[in-house]
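Each of the next two complexes has chain A plus one other chain: chain B in the first, chain C in the second.
Presenting the complex of A and B:
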């Protein structure tokens, strides 16, 4: 027989699995709703249980009621902790992904390149993703999480913008060569480099400056060769 | 232990045997019987998050039964005498995971609730003995390629661990698994770094 807190536990088990995954699994809308409903039900029970006492409840005279109230209260507190931990695990993951350069389009799992890709503009992809995500396409993020990613991306972009000569989200590996060979895996449009424009069409190969394409490699548009 | 710690929350869901010390009309559902009152003396396994506070909370009764609480609790089966005796005999031979996935977490919580000196001693010795065994397997698993000539048989993550080792590693609880992963990754990273140094 299910008891209070079981659903919350399920949510935390989801979070546990999420910790070991590289991508974010689908948001458990239904489960979250059930747990919050459980909290509301418990709260209603508590209110109706206390009503006849008119604010003068004495636990030592009504021990059974006191015990029931405590169980209800603990169940609510447990559910709260499960809900918060579930969401925090996900936002931690989202922040990590934003730092890695993923933008909203990648995260919602509908990643198609359509303009907005030009240059390594910080956070450009994030803000331009706003229009695309409203299309009701299946997303692993809840609407609130999408909003969180958008705002966190803006925040990170603003923070990074303070330094023009260093890319905070760039690779920490010191490059062996300034220039590398890359193959284009997905059409990525035209990018501007110091040496002119390059048109990145699928299956073509280029010898380019690593710093110009790092972000595109991270996003999976280009593959580094050699 | 953080409020948001997933493993701590899952540890809190571990159940311990409890006995109710009073009749509660509205809590029959805890004993699979929502239509009946919960009677004094009913034994139910309750999760830690519920049992702990019910055991600590004072019913606030008169002075004559001053220290009485809603429930009494016992040690869970995972910490029973059988398990403790087996751990005393050989800590490495006990698959802790079969007792509880959060064995040490559960034990720590139980020792916070009741004074179990001897249990603490046994567990401390068990952990130390098992930890060195874990470190041994983690090193073997991570250092398979190249330098150890005899170690290269078998593929995958358990490179060279062997059948008895696999059995031991399967029995690790969540805390020990984390330790294994850290030791494994550390050895591997150390090795990679050493190789990188040689190349330049």
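Presenting the complex of A and C:
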């Protein structure tokens, strides 16, 4: 029989592992539910244990009961911390992705790609346009997390909107050169620059203004050379 | 007209008032300090960022104006201005991001007292409040709502452990002294004090360095 807190510990291990992964692993719906259930059970135990005392419980007279109560209380709090830590680690990761400009479709798509690689085969049946609610089955995100990403994206956009000239999500590397060499990794279509339009076809190479293509580099269309 | 003239012409500090130079210096200093200090510092008052924004806007307009000009001399000036502009924007961006990162890490802490709240700009305050609300909502809908009501708070202090995590004010920072002053620092085994000379660089705990920085006797490096 698992001990109190075993499940919580598992969550923390998941969280720890998540920190070092580039992609977000699947949400542990079952585990979260079990830990929550454990907390509710413990709370019920506490209530039923206190019931005969009718609110006049004296710890020094019933030391054994007092000890059980203490352990139960601590286990509940510990489980709560584990849950919070797990969710916070994941939201931190999600926020990071939002800052990088990934949108929900990308995130859900990531889950589908993982599913395909694991050989589940289920991923193939889901159309790629099915991000968001449609792709929910294969997504590594819980529905709540999908909501969170959406709302955080809005929040960030609102904050960013107040600094339009700065491009808050731009590169945090100090700018060295105004112009850089880039190679096109994926067809990105035509972009407008102040020196005219450039057609970004795969495997071609350009000398462009960094500010014009930063977005595309972050999204993986272009690669910076040199 | 030689190269110095051109450089001088595009140097925003030259033909405008010294105020812009001062602003840039203030921004740079705020940026360095914000990146080194373990806790969030005060949002600069006195409309610094309004002026900076206006400057950036003006330069962007200037770039747009000059772009049509095919004269090689303008072209060169254009590159200088654009490079400078990118750097300026980088400073602002990096500064804002450093602050946001700190706010995100200890949101509840910075929202907990008026003194701490006053360090945030209005926009940051709105962002932090909303972000915290989002997080809380997320926790609630994910698991917290099925918890017993007594355990649903995010600011418990039960068992002498506060759930609100403050930044570590004891971590070490480097400071440069701007004038001769006595530097006192607390150590692990013994406390120390020294007569610092101007431009000395010292490493000590932020909690010890903070008063010196605030009274202007030192700056973070």
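Couple of notes before you dig in:
Here is the rule we go by: the second predicted complex is superposed on the first by the 145 of 226 C-alpha atoms of A that agree within 3 Å, B and C clash if a C-alpha of one lies under 4 Å from a C-alpha of the other, contacts with A are read in each partner's own complex, and residues count from 1 in each chain.
Keep in mind that, in the parts below, contacts are C-beta pairs under 8 Å (C-beta built on N, C-alpha and C of every residue); 3 or more make two chains touch, one makes a residue touch a chain.
Every value quoted in this text rests on a predicted model; they were computed, and no experiment measured them.
Judged by the touch definition given at the top, the superposed model places A:40 against chain C, while chain B stays out of reach.
Residue contacts after overlaying the shared chain place A:74 against chain B and chain C alike.
Once chain A of one complex is fitted onto chain A of the other, the partner contacts of A:32 are limited to chain C, with no touch recorded for chain B.
In the superposition on chain A, A:215 makes contact with neither chain B nor chain C.
After superposition on the shared chain, chain A has more residues touched by C, the comparison being chain B against chain C.
In the overlay built on the shared chain, the residue A:84 is in contact with chain B and with chain C.
Applying the stated contact rule after C-alpha superposition, one finds that A:64 touches chain B and leaves chain C untouched.
By the touch criterion stated above, A:166 is placed in contact with chain C alone, chain B being left untouched.
Of the two partner chains, neither chain B nor chain C is touched by A:150. Residues 74, 77, 84, 88 of chain A lie in contact with chain B in one complex and with chain C in the other. Residue ranges on chain C touching chain A, taken from their complex, read 53, 56-57, 60, 67, 79, 82-83, 86-87, 89-90, 92-94, 96-97, 100, 104, 123, 126-127, 130-131, 134-135, 137-139, 141-144, 146-148, 151, 154, 156, 158-159. Looking at the complex, you find that chain B touches chain A at residues 3-7, 9-10, 12-13, 22-27, 29-30, 32, 47, 49-50, 53-54, 57, 59-62, 70. On the chain A side of its complex with chain C, the touching residues are 32, 35-36, 39-40, 43, 73-74, 76-77, 80, 83-84, 87-88, 91, 95, 142, 144-145, 147-148, 151-152, 155, 158-159, 162-163, 165-168, 170-172, 174-175, 177-178, 194, 209-211. Those residues of chain A that touch chain B in the shared complex are 1, 3, 5, 9, 12-13, 15-16, 19, 49, 59-60, 63-68, 70-71, 74-75, 77-78, 81-82, 84-85, 88-89.
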